[in-house]
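Letters are used for the chains, namely A, B and C, taken in the order the chains are written, and counting of residues starts over at 1 for each.
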Amino acid sequence: MGSIPAVRTTPAWPAALPESPWALQRTDNLLEVSQLHLWRGDRHLLRGLQFSVAAGQLLQLLWPNGTGKTTLLRCLAGFLHAEQGEVRWQGTNVEKDRDAFHWDLAYLGHESALKGDLTAMENLRLSCALRVPQKAERLRIALEKVGLGSIDPALPVRSMSAGQKRRVALARLSLWHARLWLLDEPATNLDAAGQAVFGKLLGAHLSGGGLAIVATHRAIELAGTANRFWVAPQEVPQ
Amino acid sequence: MSWTWFHRFGSPPYFYRFAGRWAPWFLGFATMLLLVGLYGALVSAPVDYYQSEVYRIIYVHVPSSYLALMSYTWMAVAAAVGLIWRIKVAHAVAAACAPAGASFTVVSLVTGMIWGEPTWGTWWTWDPRLVSQLFVLFFFLGYIALRGAIEDRERADRTSAVLAIVGVVNVPIVHWSVTWWNSLHQAPTLMRADGPSMPMSMLWPLLVMILAYTFYFIALMLMRARAEVLRRERGGTWLREELSDEEKE
Amino acid sequence: MSLRASSPAAAMAVLRRDLLLAARRPGEWLQPLGFFVLVTVLFPLAMDPEPSRLRMVAPAALWVSLLLASLLALEILFREDSRDGTLEQYALSGQSFTALLLAKTATHWLLTGLPMVLVGPLAALSLAAPAAAVPGIALALFLGSLSLSLIGAIGAGLTLGTRRGGALLSLLVLPLVAPVLIFGARATAWAIAGEEAAGALYLLGAMGVLALTLAPLAAAAAVRISME
């Protein structure tokens, strides 16, 4: 794994979470997908997909609209059942222990999953309470990192702009200690500054040993990372 | 391996062929049994002491009531198989049971009402057996309505499967309601610990009719399920070959 | 590094979040209660309000109103969270999905069922029920409303994502909650008549326990399927 810098500026992944026996396995390819087939009614949406993603890599799905980007991400997350094929995380089939896989996973869909009547801080606090409860200070730092440090703390999320809401969702991503990020059009509604923030967040995640699969209609340029592009579902990812 | 037949039925081409072959036979058996049963019911069975000729409606009411419960149970079992093992043919079978089962339940309720009026003096009573049978109808209608309300076919299959399984609690209630409560409806005459309480001359047409209805239901279910499989597998190449084979015959 | 939250702690977080949301938007949760009172008031208006007659109708009026108001409330149980993606995040949190949904159902009952349990006896008094019947009525409503929320959650899960969920929800839930209605009304009638209502109350309690063990599993299955 020569592409990972020796000096890490972000906290390293915990060497072994008390509950997770997988951390002891060291595989280069953390996520392996083999012969994935999925039908939805009559339509054969995913046709024998075969790929793997290693630590520190970003796989961008640049497929045309309607060819199954969202379907693939939702299938990997576990919402959709694949008729054939296997998804392996850290060497183990995800069907064997879904909860452990989900603990390592952060999914961001089209909807940001934010409650409009709560403030950003409240949203973050309660989201983290489902995973690893965080102190208010860390939540504030996370909000600052996405450029929302100066907003009114009592402002409910529904009064924010679409771009600000998306940034709150990104802040949430950085607070979860999830190794695999599955992001579906994460940069929607983000202005140029927002996209820069997202790029930084993603870069920090990848250089810390995480991996990400991002469905996007515009390629993300990130320096210093193993950046892979997958332009069309029939072709092999580059 | 005993599981091979299970997986074989789950394959759409196999099921399509199987249903196509056997449905006419079941229909034929049902018709024959129906004719025999009707003869027994209307001609050879003696007149009842208390209820005279009216009681003959039992030969339609009892089989349809049994079939209402049997078809619901069958639907729930097929739904469970489809849900747990993700076999799509099972969902097609479950979908096929619902309209037939609902019709049987309606026939059961209506013939019950027709029988109740002269014997009990009322068309309807809020009695555990009648109410729980009415709920069986509600479950069938709810199942059909839920299927229709969801656009995505797989979600419709699986959501209605959950409903079918949840509603199965009602079936034992219908059957045991006349034992558990003081019901106006009479206690079970057939499925009793010490054997049926009817004389043989009245009993055999009833059993024949029950068998006739069962075969009719199976034939109906096979035909409907086959049509459902046909609709779902439109794009399959096996279907094209199958249909061209049928044309040649 | 702090350890991850346990399932009960996560469920409590969901409970707290839903209560916080309800505090910010109280109107939504007062509607079912208002509907309950409204329907109960309709009965004396629609009949000869002579006390002995009212007393006879009171159990039916109370329980029909409870059922209708609960059905109204059930529509909003999962709707919002389904729309904004929160339910998806619950499913992906690595916590027991059934426990999280049970927490949601519990909050839902606290906000819709419990107020009706508190207001119900007052409504019964307005329907010429004797004051001595109040404890029995309150207990019956308490046990019955719990079952209604738990079983109703199954219907709410099944109709998530259907176009006009409301009418379909009622059709699906009614056969499942009919026993609760029957025995709840019976217990109320006996309480009003001053007779021993223990039998019906025990049955209501048993139904509640059965609902608590089985209904959340069915509801979780239904919600999971709706996210496919």
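By definition in this document, a residue touches a chain if its C-beta (ideal position, glycine included) is under 8 Å from a C-beta of that chain, and two chains touch if they have at least 3 such contacts.
Every value quoted in this text rests on a predicted model; they were computed, and no experiment measured them.
A count of contacting C-beta pairs for A-B and for B-C identifies B-C as the more extensively joined pair.
Among the remaining chains, A is positioned farthest from subunit C, on the basis of C-alpha centroids. Taking the mean of each chain's C-alpha atoms, the chain closest to the overall C-alpha centroid is C. In whole angstrom, the spacing between the mean C-alpha positions of subunit A and subunit C is 38. Averaged C-alpha coordinates give centres for subunit A and subunit B that are 49 Å from one another.
Taking the mean of the C-alpha atoms as each chain's centre, subunit B and subunit C sit 34 Å apart. Each of residues 81 in subunit A touches at least two other chains. Residue positions 152, 154 of subunit B each touch two or more of the other chains. Multi-chain contact residues of subunit C (touching two or more other chains) are listed as 228. By the touch rule above, subunit A contacts subunit C in their complex via residues 11, 14, 17-19, 77-81, 99-100, 102-103, 105, 107, 109-118, 122, 126-127, 129-134, 156, 177.
On subunit C, the positions that touch subunit B within their shared complex are 154, 158-159, 161-164, 168, 171-172, 174-176, 178, 218, 221-222, 225-226, 228. Every residue of subunit C that touches subunit A in the complex is listed here, in rising order: 1-5, 9-10, 13-14, 16-17, 20-21, 24-25, 83-86, 88-95, 100, 227-228.
Those residues of subunit A whose C-beta lies close enough to touch subunit B in the complex are 40-42, 81, 83. Every residue of subunit B that touches subunit C in the complex is listed here, in rising order: 131, 135, 138-139, 141-142, 145-146, 149-150, 152, 154-155, 158-159, 162-163, 165-167, 170.
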